[in-house]
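Listed below are the structures to be examined.
First subunit A sits with subunit B, and in the next complex the same chain sits with subunit C.
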Partner chain A sequence: MASKLDKHVLKNGMVILGEPMEAVQSVAFGFMLPAGASRLPDGCCGAANIIEDWIFRGAADMNNRALGDALDSLGLNRFSSVGSGHLSIGAALEAENLAAALELYAKITRQPRLDDELFELAKQLALDHLAGLDDDPRHKVMLKLKEQFYPQPLGRSTVGEAAQLKSLTAEKTRQLVKQHFNLSRTIFAVAGRYDFDALCSQMERLFDTGPQEESKEIELSEKGSKYTHIHNDGAQVHIALMTPTVKPSDEQYYNARMAVSVLSGGMSARLFTEVREKRGLCYAIGASYHGLKEAAGILCYAGTVPQTAQQTLDVIIQQFDRLKDGISEQEIARAKIGLESALIMSSESSASRAARIASDYYVLGRVRSLDEIKERIEQTGAESVQRFLQQNPFEDYTVVTVGPEKVALK
Partner chain B sequence: MASKLDKHVLKNGMVILGEPMEAVQSVAFGFMLPAGASRLPDGCCGAANIIEDWIFRGAADMNNRALGDALDSLGLNRFSSVGSGHLSIGAALEAENLAAALELYAKITRQPRLDDELFELAKQLALDHLAGLDDDPRHKVMLKLKEQFYPQPLGRSTVGEAAQLKSLTAEKTRQLVKQHFNLSRTIFAVAGRYDFDALCSQMERLFDTGPQEESKEIELSEKGSKYTHIHNDGAQVHIALMTPTVKPSDEQYYNARMAVSVLSGGMSARLFTEVREKRGLCYAIGASYHGLKEAAGILCYAGTVPQTAQQTLDVIIQQFDRLKDGISEQEIARAKIGLESALIMSSESSASRAARIASDYYVLGRVRSLDEIKERIEQTGAESVQRFLQQNPFEDYTVVTVGPEKVALK
Partner chain C sequence: MEFEKRILDNGLAVISEVNGFAQSAAVGFFVKTGSRDETKQISGVSHFLEHMLFKGTEKLGPLEVNKAFDRLGAQFNAGTGEENTVYHAAVLPEYLADVTHLWTELMRPALRDGDFNMEKNVIKEEIAMYEDTPSFDVIDKCRSLYFESHPCGNSVLGTRESIDALTPKQMHDYFTSRYSPNNMTVAFAGNFNWDKMAELIAQLCGDWRRQNVFRETADYAGTIKAERIQKKNLVREHICLISPAVSMQDERRFAASLLATIVGDNVGSRYFWALVDKALAETATMQRESMDGTGAFYSYIRCSSENLQKVLETVKDIFENLDGKGVTEAELTTARNKILSALVLKNEIPMGRLVSLGFNWIYLGEYRSTEQDIADVKAVTVDDVNSLIRQFKPGRFTKFILGPDSTKTNQT
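This part shows the complex of A and B:
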């Protein structure tokens, strides 16, 4: 479980984090650029999704085709994602190709071509992806939930809004890239097989950009509606709900994680047994912790049919409520094993390690070791979780449904 | 890239395969039970999905609750899947819990309780899962494609048919478990951290079942329709098509894999550039090799809108056709890197290694080493792939669409 952390800050301010992994031949790297959905100005919802595509369509001396060929020649397993705070781009690849890949990613982040004639394609793909949500109501209900739950703009849709996407021009989007690809405020993480000294010298050379000022803080406004219903004819009802809880930086964070694990950590967890098994109310159910730097909640999804939708929601809330009234030592023991086991599994993937250290650094300002996380989980107990729940009761639910009929919020 | 294979055959005939991985703390194991969708009798389509749930609801001396608690106490990251040939069940977990997990899985496979009162719940969940396909047209179109493409019953739906699921009784389903959980014909695979000698002694003790006869071979009948349209009102059209190619055991297998990689291996691959980029015809496109022991094909999925559905299909088939007319050395080089890189990445996950060695053993009768796969990929070239395509042209397409309107098959 031991983990070692490499850290270096480039002259321009970019933070370089590394976690070496023995016995792997691969490496995963990622750039967390401060250009997530909530960081872009109002009226641009979805711009990060256009940018995510557009920046890969040619950079510096390479046109769209040359860049695509070069990336493919390195055998990259690329990933990119738009989150609330960041646009993250990266890849997993054979360790020997890391230096060549970073040369390309430096061009992509510093000198993307952003050609006019490729803008419409990038925009159309973002619009198509958005339209695809109609065939993916489970994803749709979760997006809408986060939008309503978090104070705006934190929960802004990471897929985009059609009208705002349509109104974006190449010129406007180019400006957004210029303003928000702040490499001085970017976190770079690597995990797997790498030579940290060589990596740091290369990164200093590649990102010799000079410091850039921090963009102004976003201002948080009101939360959305307590209940939102999206009409959808079909045989299913998708229910999503979320209740506020402590942030990842809070002293009580591990108690919150344990509470969710008792609710939804395995076959014998409460939601699964009480909602699905005993009552047969729904075909899919699960709860999880969702935390941003600024706010956090526990969210729950259930997939059911119209006849049992109301009862499903009622029983879920009942189960959330009841948790504070008593948790057995066996439940705690299983929840600990579940959380620790998930930690070990994810620590064996270079991509998930790189993502975790970058996210820790952003959210907490430091990277936790695996041992620290394990120890903090171990320190919780039935008593600490219950006390936490009594002091931080689940309440003030935000609910979203997608289906043929509404439910009543009691 | 070196890989070592452990192999032992239990007295009852069960094959035990193992691939040790240095420097991991976890282990993944899986049982491939010969109870896949195509192996069950006609009229039972979906039974494997009920069984997949039902067998975990109590076994031997443990009732539903006790078994669920015991599984959760081991921190299992469970997985199970219904395939054409097999029902696979397994988990990834901390290595120290492997022996305890196998004790439970022996009970589950040898003495599942299969209580009457839990049958309806398992059946309802299978029906709900099937109904959920209505909200997942991409999955639906692929299931229908395999059903139409493969000679029956090979492509039988792995999710089930509503009428057949509904008609199943506890008694009938119990018989299916008895007949098809043939532990003498089961392949067991493990990858990660384990002690093979200790594992084999434990497995001999747990599966001291005596040999069971092989069930009779399935008889293959006709393939389905060339074109199937499933009406769905909505903004999207989901297109799936499949053309026959050589099986995994064929000498030409690696040439077929390379051909698919040239079509769909990365950003610069042909389908992506020609269909999506140059023409902007669809928002999602990809092709892959799909092989069973008995037959194989190359399948392609595209997600588009009604206005461009016909042209999307036409251009895809044109691109498939044109492949035999010329492939550049650069395309081959990128395809090799892509395939080899994917191989390395997947070799770093214990679960995917365990799945691969079990599947190799079933399909090929032996397990390929990573070095062998890499070497065989290296041996291909533009010339060998083109010759392969000329001798095994893409033709005889099976097409399925889900959307508001049909397309024409030319």
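This part shows the complex of A and C:
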């Protein structure tokens, strides 16, 4: 399970990380720009979503259509996403096209045209995606949950707020791009088939921008409400809940991951067994670890018809609570093999490797090797997980529901 | 990559492609059965049966089944569609024999009454979940409108009523007739020893009894009906368009994929530039879905009620232009590059490779390497795509819209 890490810091400060993979023809790359939803000033919620679209509408010497056609002609499997900390853009592609793709991405990040007349289109699409959330209650409930759970602005909606989106102008948004596309604080990651020396010299040339100062740290304020209900006359009540736990950088992180796996790592885990198999309350039920650099929690989702919503929530909380009372060796063994297998299998994809090394570097300040992760998982046991749970019990739940009926928090 | 195959005396096909560089191995049981093989009385049985397979055998209860998978660290699941039910697992190579053994046991399920009644609730929850997912619901409704009485229009999930009415005996009879070894394929991909796996399957599945299996595979040109349904909790217009396309057995399926990419890839396509780039619709995509003996192009578009008419007019213009002028060489080159890189990425993962391997065998009865698919995509010409347009007329579609009831735009 050996993994090799390539690392180089450009003169401007941008960190270049690479993980070579033998036996693949593809490569995946991504830029993590420090322009996520929580990094932008108050009153601009959703600006990152406009920016995510607007920067692709022409750059340097290429207009909207020319840039789009150039990206497409390389057969890129493009991605872009707005997270709490970052706006991430990148692609997976056949390795031979990497250099050509980077030329285009350098233009997009350094010299986006940001034309006034195209701003309104980008803004309209951001508003449309926000409106579309009402028809996607499952997505909506998770966004609302993170918004209520994390201290502001960490959980700020990554889709946006209608009034704030509407108030944004081209000029104001252009300023945000200028301030927050800090290439000195950008993390670039690549995984798959590439030549690291050639890549670094190309990146030095493309990002010969001079260092930029770090933007000021964000200040955290209060968390949101313990319970939020959003009415929707749909078929199900979509229940989402979250409880605080240790951050990814914490010594106890692997014990927290093991605890979540015992709850929801597979079909034999407790939530699936108790909620679906024994009681038939849900089709979709699951919990997972969600970590930002500054805070973390364990989140859980279940969708169920109104008649069984209360019972579903009660059984879920009961299962969270009971975890500290005892975990069997068999449960630990299953959780370990599940986590380790998932780790190795996800490492077969160049895109997931590139995403993992970039996120490690941002959150931990270094990249963990696959062997290190495996070893740390191995070091946990029933006793260490239980001790962790007694010291860090699951409590203080934040709950959000979307659907025809409310639930009661007990 | 080496292809291997063995057909057991009872008709069960065992096929594989070994990749010694892979970190994992994947196994799939492909059963050639789905909603198109159901009658109205047993609507939803294929999908319900897929759930019931996880409830175990005479010797193995449901909770033991789940533990057995999890002990192997398996990433496993199953899916039921209109014409296939596929069970698959990816594991580290050392666990492949054990997870395969487990699947072979589950393929001869106990179908206990108690589990059957409990699982009905889960199925009904799944029906409710998809009702709350209009992007799925509209496609399901449009398919049924397009195929009308042709069995490909049958709902995979069934309805609450059909699920309530279903009896264990009906499921048992369906199982016996459809999960026959000559109607199934076992496929392996990734890092493993072929001889060992072939022998394992022969030992464990050699005594499964063969049945006479039949499927109606008449081609179907579709209706060109249009319908709009209003739901009070919706805020956007969800549009699905379906028109005829080539079947899985048709060599022109690569040309049809290229056409769908040119018209409706999520970026850089005709839909993209005319609808999404102009902010008329937030999503607009088109895909080719080929089936056994028939096929269709599916489009999904989402927009505001305000833009609905404009979007429909734009779509009409796109297809009229396509019909009159065809596609360009530049569009074809771009679409080709996109499809080729997606092929490379998908086939790098054993699980991705497994799916191609299994479906090529089921539909074509042959092995196709990734290189063959690449060569066939590269060989498609502008004329090939344009003659498809002339023959299939993708602008003559069945249209279904799910939207809010507050809108005044209720023409279809």
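Keep in mind that, in the parts below, the second predicted complex is superposed on the first by the 410 of 410 C-alpha atoms of A that agree within 3 Å, B and C clash if a C-alpha of one lies under 4 Å from a C-alpha of the other, contacts with A are read in each partner's own complex, and residues count from 1 in each chain.
One rule holds in what follows: a contact is a pair of C-beta atoms (placed from the backbone, for glycine too) under 8 Å apart; a residue touches a chain by one contact, two chains touch by 3 or more.
What you see is a predicted model, and the numbers here were worked out from it, not measured in a lab.
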item	value
Subunit A as common anchor, with subunit B and subunit C clashing or fitting	clash
Subunit B versus subunit C as contact partner of A:Leu281, first or second or both or neither	second
Contacts of A:Leu93 with subunit B and subunit C, given as first, second, both or neither	both
Partner chain in contact with A:Gln252 - subunit B first, subunit C second, else both or neither	neither
Partner chain in contact with A:Thr173 - subunit B first, subunit C second, else both or neither	neither
Which superposed partner A:Gly266 touches (first subunit B, second subunit C, both, neither)	both
Overlapping contact positions on subunit A, where the subunit C interface meets the subunit B interface	1, 22-26, 64-65, 68-69, 71-78, 92-94, 120-121, 124-125, 128-129, 131-132, 134-138, 234-236, 238, 265-269, 273, 276-277, 280, 282-284, 303, 305, 330, 333-334, 337-338, 340-342, 344-345, 348-350
Subunit B - residues contacting subunit A, complex	1, 21-26, 56, 64-65, 68-69, 71-78, 92-94, 120-121, 124-125, 128-129, 131-132, 134-138, 234-236, 238, 265-269, 273, 276-277, 280, 282-284, 303, 305, 330, 333-334, 337-338, 340-342, 344-345, 348-350
Residues of subunit A touching subunit C in the complex	1, 22-26, 57, 64-65, 68-69, 71-78, 92-94, 97, 120-122, 124-125, 128-129, 131-132, 134-138, 232-236, 238, 265-269, 272-273, 276-277, 280-284, 303-305, 330, 333-334, 337-338, 340-342, 344-345, 347-351
Complex contacts: residues of subunit C adjacent to subunit A	21-24, 54, 62-63, 65-67, 69-75, 90-92, 95, 118-126, 128-129, 131-135, 232-236, 238, 267-268, 272-273, 276-279, 281-283, 302-304, 330, 333-334, 336-342, 344-345, 348-350
